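There are two complexes below, and they share chain A, which is joined by chain B in the first and by chain C in the second.
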Partner chain A sequence: MTDTTERTPLLKVEHLSKEFPAEAGMFAKRFSKRVVSAVNDISFEIYPGETFGLVGESGCGKSTTGRSIMRLTKPTAGKVFFEGRDISEMNKHELKDMRREMQFIFQDPYASLNPRMTIGEIVSEPMTIHNVGTKEERMETVRELLDVVGLNPEHINRYPHEFSGGQRQRVGIARAFALKPKLIICDEPVSALDVSIQAQVLNLLKDLQDKFGTAYLFIAHDLSVVQHISDRVGVMYLGKLVELSDWKTLYTEPHHPYTQSLLSAVPVPDPDIQRTRKRIILAGDPPSPLDPPSGCRFHTRCPMASERCSQDQPSFNEVAPGHFCACHYAEPFPIKESHIDL
Partner chain B sequence: MKKDSKNYVDLKTQPIPEGSHLLEVDDLKMYFHTEDGIVRAVDGVSYTLDRGETLGVVGESGSGKSVTAMTIMGLISMPPGKIEGGDVRYRGRSILEMSEEEMQHVRGNDIAMIFQDPMTSLNPVYKIGKQVGEGLRLHRGYSKQEALKRATELLDLVGIPEPEKRVNEYPHQFSGGMRQRVMIAMALACDPDILIADEPTTALDVTIQAQIIELMQEMQEKNGNAIIMITHDLGVVADMADKIMVMYAGRPVEFGTADQIFYESRHPYTWGLIRSIPEQAIDEKKPLTPIHGNPPSLMNLPAGCVFAPRCPYATEKCMNERPERVMSADGHYAACHYAADEDFVKKNAPDTSRSRGHIATGQPDVLAPELIGGQA
Partner chain C sequence: MNQTNSPVQQQEAAAKAETKSASKASGKSRTLWSDAFKRLKKNKLAVIGICWIVFVVLVALTADLWAQQWLGSPTASDSTTMATTSLLAPCAEHPFGTDSLGRDILVRVIYGARVSLSVGILATAISTAIGLVMGALAGFYGGIWDTIIMRAADIFLAFPYVLFVVSLIAVIGRSLTNVFVAIGILGWPSIARVFRSAILTVKENDYVDAARAMGASDVRIIARHIFPNSVASIVVYATMNIGGAILTESSLSFLGMGVIPPTPSWGSMIQDGQTYLMTAPWMMIMPGLAILTTVLAFTLLGDGLRDALDVKMKDA
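The block that comes next holds the complex of A and B.
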C-alpha cells in the first residue's frame, strides 16, 4: 500500500467534476445557470488488485463519482484513465470494449435484477453481450460462478423473487465477475443487508478478490465496513475529496476535521468504549450542493474553522507519503488515545 | 370547542402498583393469520421497563422487533393479527384489554412512537406546527394558539433553528435530520412516559445520527421517560441502552443489561451478531465470521430451537427440542439449552474488549472450520 508510487495505476482519475443543471427540461442543459456541483475536482488512483474505499454522507457525490468513472454519466470536466486510455474521450464502441474490464455491483439487490430473467440469463448476460464462448460454454461458466459465490448451481433456472436479499446480492456479484473484469465498482453493495448477511457478502467479495485479483472501488457510507474491506480510503464531503490515505492511517490518525468527526460519530458496539470516548458532534446539516460555501466547503460545520477557511479553498496536499488532506490546519489526530485511554 | 378531558383518567399520573414496573410485557404472542398460514411474528416476548431506562431491541429484519412495539401501541390491525397469549401491562393496567377509546388516550399521551422513515411519517399537506401541536389539542385540550405556541417551544427544544418561522413550513422544506427532530418534538409534546423509537436513525447519516441520539438522551434526562429503542445496529444500542433484548425469528433469544449482552452473552446468536460486525480495528484487520444461512420463514419454523439450523454448535437436542429460557438471578436470560453450561460459554463466546483486558489485540477470533453452521 505504501509502495503505490512504484506501480502503474489501473485507474487514474484526474480533476474529475460533474455538474447537473438545477432546472429540469429541454433547454436546461444549455440555458440553466444554476448547477448542482455533485463532484468537484477530485483526483485519485486505483492500483491493480487493491480495494479503494470511498466514504461520505448521502449527497456527497460518491455514487456520481462511480457512475462518472463507468461513463454511465458523462463528466463535465476532468479525465479518467483506465489502463492509460482516456475514458472520457471514448466513443460508444470503445466504451463497450472497456466495460468488459470494468463492472458494477449495485446497492439494491431487489431493483438491480430483472424479475423476468432467470438467474442463469442474468449472470450470462454480460458474456452474451460481449460474445464470449458458445451458449453451452456460457452456461458452464454460469454454473461455476454460482458455485463460487455460494449459490446452488442447480438454481440456474430460478427467478430472482425466489431468493433472499443476500442471495440476490450474490447473483449480482456473480454477474459482475462473469467477464473476469479488472475493476469492479461496488456502490453500497451491503447497505441493504442485515449484519449477519452483510458479513457473508463482505467475506465473499474478499475471497473473490484474492482469487481473481480484481480491484474494487468500494463506495459506502458505513465507515466500519469501508475500513474492513479497503486498502486505501478516500473521504468525500460535498463533492470534494477531503482526505485520502491508507486505511490504517486514516482510521488512527485522521488529519481532516471532517474525517475526525465522522469517525467519532460512528457508535462503537462496545459499551465501555462508547461511554467514555470523546465525541465531536457536528452541528447542522451538510449545506446544499446547489450553493456550496465559499472557501473550504466544510467551514460552515467545522469546529476549528477560521476567517481564512471561509475565503481560501484549501488545496489537496500530501501531508505524509501517500496521505493527502485538504485542510489549512491539517494536523494528526491521535484517535487511539482519545478513543480508548480516556 | 374545548375537548372534555374529564372523561378518562390520565394514566401517567397514576401510581405504579407495588411490585410492578412501568411497563411489563409478559410472554406476548402475536400471530398473523394469513391465507398461506400462520405467521408467528411475536412468539413469547417478555421484558420489564422502568422510568428513565432505555431498552434496546436488536435483531435482523423480520425478527419481530417492530411488531412487538406496534402491538404495545395497539397499531396492529386485527385480523389478520391476533393476540394468542400473554399480556402487556402499563402501570399495572393491561393495555390489551383496553377499549379503542382508552387506547386513543394512551397513544401519544402516555406512550409515543417515533418511526423509522421521517420522510413518510409526516403528513406532507399540513404545516409542521399543526402536526406537532395535534397531540396537545387532542389530549390536553389546548386551543389552536396555545398548541402553536407550545409547538414553537418544542421545535426550539429539539434544536431546530428559527422555530417561529419553521412552524409555518411544510415537511418538504425540512431535511431528513430536521424531520426526525420534528418527529421527536411531536412524540415528546405530551410528555409521554414511554417513547418507542423504531429505527429512528437508520435513514440518517452518521453525523446526523449522532445528533439525534444525543438529543434523545438529553430529553430523557430532562423528562425521565423510558425509551424503547428498536434497531439493527449494535453500535446504537451500545451507546444508548441500559437493557438489551436480542430477538430472532419472533422470539427473544437473550435479554440482559447492556454489559451482560456485550461482555457476558450466553447465546450463540448474540455471539454471531457480535462476530459479524467489522471491528474498528486499530492494529490488524480481523476476518469477519458471519452467521451462515438465512433466517427461517416465520410460517415454517424449525421444530427445535429456531436458531439451530444456523447455529454452529447445534446438537441433536437443539434440532428437536425448543429450549427454555435459562434465567440467572439478576434477570439475564438466554434461550439456549447450553446457556447454563459454563464451559460451553467460556469456550465459544467471542472475545470482548473486557475479556481481552484491552481493545483490539488483532488476535484472530474465528470459529474452527468444523464449526460452520448448516444452511437454513
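The block that comes next holds the complex of A and C.
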C-alpha cells in the first residue's frame, strides 16, 4: 500500500450531507421539518489512479454520495473538491469543464443507454458535447473504445436493445472512458449482471484502470466485489461513514462492529468452515433514515452497544495510520478463518 | 424420423441456426421506428384505418379534377330545375341523393372532407405545438412552471369544451381560419398533460442523468434524450385528436358557428338535413357516415400506433 498522506488527493469530500424533504408538494420544502437524511457528514479522499470502494446495505446513501459528487443532486451541506476546486461553488461552465474529467457508470445497463440512439451515438456523445475532434475522428475513437471494451466495432450502428446486459454495460464503460477522465464514479456497475459476467466486467474495469490511470469511486453492496477491485474501502451505515481503511486491513482487522458483522456474512466457499465459523447476526432492519437513532446510528443493532452509544455520537477517529473508525469501542477483530486470499 | 436424428443432421441444424443468426447480425440494424412500422402493418384494423384516411385525403385533394363534372357544383343551386332535382333519394345519378336545393350530396360530402380534414390536421398541429412547449416546460423544469402551467390547463379543461370554442369564435369572428385557431388553441391542455407525464417518466431514466453527467445542456437533453423517447405517446394522442377536432368542427358547424354557407361541411350538412329528417333522411345519414368512418379511422390508426410504438412489445 502506498503512503497516501504524501500525495495530493484528486477528490476531496468534506462533511458532505444530503437531505431530501420527506413530503412532496409545493409547500413541503418551506414548511415541513421532516427530512430524510440520506448522507450525513461524510468525508473521504480519493487519490489519482486508485480505487476507492464504498460499501453498505441498500438505502445507506452510497449512491446519493456518488450523485452528489457528480452534482447530479445538489448536496445540502459540505464541500467537494476536485483537483482543489470546490464543485458546489462552480457555475454552469466550470461544471461542464469539470465533467470532462469525471464520468459516471450506472447500475442498470438497461436504463442507462438511450434506446433511440445507436451505440456509436451513445459512446461519442461525451465527445460531441465537449467538441472533441471532427465527426470522423470521433467515430474512429468510438471504434477503438468498442474494441478496448471487448465489443465488435462493426456494431457501431446497432441499437442498445440488440445487446445483452453485459454488453450494454460495456457500452456504458466505453462511454465513460470516451473523454479519458481522471475519475469515474461506478455506481454498482456489476450488481445487475450475472455472476460470470460480473467477473468479466470487473476485470475489464481493472485493465482499463491500468491502461488509462483512472481513479474509481466504486460503489457496491457486495464486499466480495469491492475486495477484487479496491485499494481503499469505506463502509457506510445509514448515511454515515463508519470505517475507512485500505482493504487488506479492513478485511483482516475490521474495527467497527458493523464492518465485522458484514465480513462475517460473506459466505465462505468451503462448507466445513462455513458451517462452523462464528457469525455476527444483526437483529432487525436498519432504522429509518427519516428518524435516525440518537448517538451512534448503529447502536440499535450493535452487539457491543452501551448506554454511552445511545447518547454520544462517536467521532471518526484515526485508530491506526490511514485507518479511520467511528466507534467508542473500536478495536481490531482479526478474522482468522478468513477465506480472503491475501 | 425425429427420434433418429443423426449427429450430422444435428450439426447441419446447428450450422443453419448459426448462419441465420449471423445473417441477422450482419444485416441492417433495426430502428425502433421501422420495427414499429412492421408491427403496425400486421394490425388489420390500423391498416384499414390508414387505407380509409388515404382514400379520403386523395378524394378530397383531387376533387376539382373530376367531382364537379360528374356530380355538379357542391355550392351553386339552379333554381330553374330545383323542383325536379331537390330531395332525390339515392339513385344511380346521385349515389348519395340530393339536398333541398337540388345539390348532389356526394359532391358536398367530398368537398366537406376538405374542411373536416384540414380542420382536423391544422387544429391538431396548433394544439400539439402549444401542448409540447407547455408540457416540456412543466415536465422538465417542474416546480413553479409545473404548478402554473398545469393549473392553467385545469382551468381550460374545467370549461365545457364546445361552449368555450363557441364563445371564442363569437369573440374573434366566424370564419374557417378562426375555427382552426379556436379548436387549436383550446386543445393544448390535454396534449400538454400527456407530454408532461411522458416526460416525467422518461426523465427518471439513467440515460438522462448520464447525459447530464456528461455536461449536456438542457436543450440537448430535451431534444436528444427526452423528446425521442416520449414522442410516441404524442403521436398516438395527436392522431386520435384529429378525429376529435373533426367532431368539434362538425358540432360547431351544426350549431352554425363553423364554416359559412354555402361552403359544405359535414356538420353544417347535418344541420341542413335536420329539417328533412323524416322525408329525406339521407341528407343527415350520408355526412353522418362520413364523420363516423373518418373519426373511426383516425381512432383505429391511433390505437394501432399505440400498440406498435410500445417498446415493451419487442417481438412481432
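Here, the second predicted complex is superposed on the first by the 334 of 342 C-alpha atoms of A that agree within 3 Å, B and C clash if a C-alpha of one lies under 4 Å from a C-alpha of the other, contacts with A are read in each partner's own complex, and residues count from 1 in each chain.
Everything below uses one rule, namely that a contact is a pair of C-beta atoms (placed from the backbone, for glycine too) under 8 Å apart; a residue touches a chain by one contact, two chains touch by 3 or more.
Note that the coordinates shown come from a computational prediction; the quantities given were computed from them, not determined experimentally.
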When chain B and chain C are modelled together on chain A, clash or fit: fit
Which superposed partner A:Leu290 touches (first chain B, second chain C, both, neither): neither
Partner chain in contact with A:Gln200 - chain B first, chain C second, else both or neither: first
Computed vertex angle (chain A) for partners chain B and chain C, CA, steps of 10°: 80
First, second, both or neither for A:Ala111, with chain B first and chain C second: second
Per-residue touch tally on chain A - higher for chain B or for chain C: B
Chain B versus chain C as contact partner of A:Gln227, first or second or both or neither: first
Chain B versus chain C as contact partner of A:Ile129, first or second or both or neither: second
Touched partner set for A:Met304, first chain B, second chain C, both or neither: neither
Which of chain B and chain C A:Gln167 touches, first, second, both or neither: first
Touched partner set for A:Ala320, first chain B, second chain C, both or neither: neither
After superposition on chain A, the shortest CA separation from chain B to chain C (Å): 5
Chain C contact footprint on chain A (complex, rising order): 26, 67, 70, 72, 95-97, 99-100, 102-104, 106-108, 111-118, 125-126, 129-130, 157-159, 161-162, 172, 175
Chain C residues within the chain A interface of the complex: 29-32, 147, 205-207, 209-217, 220, 224-225, 228-229, 311, 314
Footprint of chain B on chain A - complex, ascending: 57-58, 164, 166-167, 194-200, 202-203, 221, 223-225, 227-228, 251-252, 261-262, 264-274, 279, 281-283, 285-286, 336, 340
Footprint of chain A on chain B - complex, ascending: 60-61, 175, 177-178, 205-211, 213-214, 232-239, 258-259, 262-263, 272-282, 285, 287-292, 294, 352-354, 359
